[in-house]
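Just so it is clear, A, B, C and D label the chains in written order, and each chain counts residues from 1 on its own.
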């Protein structure tokens, strides 16, 4: 049960790091600005005065929804990395035909699906907050939507096959295809996109970068911990099966 | 004066519910998923102990 | 003797086929001399089909080595494939092609020379020449079985695998099949999966019982006492599925 | 006499026949075409299906008014019809192999697995192209009468061919998997649509450019074609690499 212990330790550290990042995002990170608000006269306010023009005083409009990014992006990146992990295990399964690799690939896919769904949810909320619409067919969101569909398809495929080994082989083949397809989707949406706003403003203050990095490291740990946790559950299940087999045989 | 300032704040905070929702959903989902998995793991561990004990007894 | 493997048609050493905890085959060992007729018995799920799939190169062993006709089933699968034929309870023929087209198609797949002539002579041999222009869909069960024997013999294999060839055949068709097997019996090695104990014993020169992936009994027919054998077989059926 | 025919060859006479793979490729392709000519199953069902899609499009566009120019969405409508039609054919083509265990007989013969893949994919490509050729004039007649066609004549055939290669290439692999599952058609749809997303996006972009013409349409067309070609190259290669595993399982 070494893996379970590692999972729990990583989960705790990851949780701690992400919580720290959470507080940093709201208390130490500089608030980004998103356009300005113009009022007639000067105000006694914490808002930053950007310019004084003929038609009044312009104050920076704090970009509050940008705070979602501190977690949205790390979750998205973790999901993609875990998908890659799943594909790597899938390839190793096809090479060795060892069931343990198939289990790893499947669990990685499951973990990735959880992260992708969370990416989607935070992404949708961010779109709503920032652009005022719930959904935008923007390259990143679209890619994640397609990724989510592929992952669901992966589980549909597995569940519709009776034979255990065939299920594993087909699952592995599809996992590889999905992992290859995801970046292609992203690139093609990018290349063909012409009339959508650019999402990122370049350049970030160091006070913003730090919570970002902390959140990223923490989220990767959480991602691995979730994977390890599910793996130890699978291992236990296998031990139970083996014991039952031995008892009844 | 004060009214305008409040308006500014309100404008800034229209985003707040979405930010709160995003973080809330994120954390709640993680905690729920991990708790569910941990509970399953603990149940399985009990089952393993029972089975492997009876296996040892049989082999002894 | 220049050919090193002349006397063993099948050589199975420590053959194990696993996936996870499930063992489809567990340390199977046996030999079969050339020209023998092996009947494989066992309850459903005993691993008969897995064994034949491995012997016919359709799946690979997890452990152990398997040689058929002196060729390794993994390393030399391509060479081996042109030396073996399979007759199954499934006809393995395209229903929408005619008998002749079917045979010519498989002749092409095996790289047989003069496919048209070869197909024709086999059709004559299995007495289906008059139906050669009809689609296989219109054939009766017995005719299908005859045609599938012709298909299996197209490339003049050294070894024939029979996967429950008698299931679903009426007595007349069984006679015809018996007759055809008798005709090719003398210069082919056979491996047959069978549910029918009497039929399998009647035809075989060697018998093998599998249960839960293990060899329960493997012996030449001369050494077998029929009653004991049936007793052993019945006890394995009681063991159920692995 | 019969005895000689049923005899086996003496081992010494066996040699590897040169050019066998090409012969096998031709044999499988010819067999598929002969079967199709005899039953006309795939082309009729696919053709009918695409005609039915046209009816559905008419319903969808019936309330759009005369100001709406269907040419702006023509590319999307066409590829939508093709992707769903193709799945019908792909499924059929593999069900033929599976039905009487013929696939097993194919695998028993000394054929390199990629030969099976390329032969089946070529057959599917041919049938798909036939159905597309039949559909295009009907579609043009029904939806594109006003406004006409903006690009050069070779643009549509080019994009059709490039797109169909991807559909047939990846689809053959996916259909080989889905034919072994419970709920064949459903599983194929679920697997295919997300994997086809980048291809469809690029193909629709190129088709729209070809239909609409005008400024910048040439560059949009070529970037679409580049997307389709890139997708074809990567995904067909991946499908080819994975086919051996999938078909053997």
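Here is the rule we go by: contacts are C-beta pairs under 8 Å (C-beta built on N, C-alpha and C of every residue); 3 or more make two chains touch, one makes a residue touch a chain.
As the structure is a prediction and not an experimental result, all values here were calculated from the model.
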| item | value |
| --- | --- |
| Remotest chain, chain B as reference, centres from CA atoms | C |
| Higher-contact pair (C-beta pairs counted), C-D versus A-C | C-D |
| Chain centre separation in whole Å, for chain D relative to chain A (CA means) | 34 |
| Gap in Å, rounded to a whole number, between the CA centres of chain C and chain A | 53 |
| Between chain B and chain D, centroid-to-centroid distance (C-alpha), Å | 45 |
| Chain B: positions in contact with at least two other chains | none |
| Residues of chain A whose C-beta touches two or more other chains | 165 |
| Of chain A, residues touching chain B in the complex | 1, 4, 11, 22, 37, 39-41, 43-45, 47, 59, 61-65, 67-68, 71-72, 75, 114, 117-118, 121-122, 125-126, 128-130, 222, 226, 229-230, 232-233, 236-237, 239-240, 243-244, 246-247 |
| Touching residues (chain side chain A, partner chain D) in the complex | 94, 146, 149-150, 152-153, 156-157, 160-162, 165-166, 169-170, 172-174, 176-178, 180-181, 184-185, 187-189, 191-192 |
| Residues of chain B touching chain A in the complex | 1, 4-5, 8, 11-16, 18-19, 21-23, 25-26, 29-30, 33-34, 37-38, 40-41, 44-45, 47-48, 51-52, 54-55, 58 |
| Interface residues, chain C side, partner chain D - complex | 3, 56-59, 78-79, 81-86, 88, 90-97, 101, 105-106, 108-111, 113, 121-122, 124-125, 135, 151, 153, 156-158, 180, 183-184, 187-188 |
| Residue ranges of chain D touching chain A (in the complex, touch as defined) | 170, 173, 177-178, 180-183, 187, 190-191, 193-195, 197-198, 201-202, 205, 223-224, 227, 230-231, 234-235, 238-239, 242, 245-246, 248-249 |
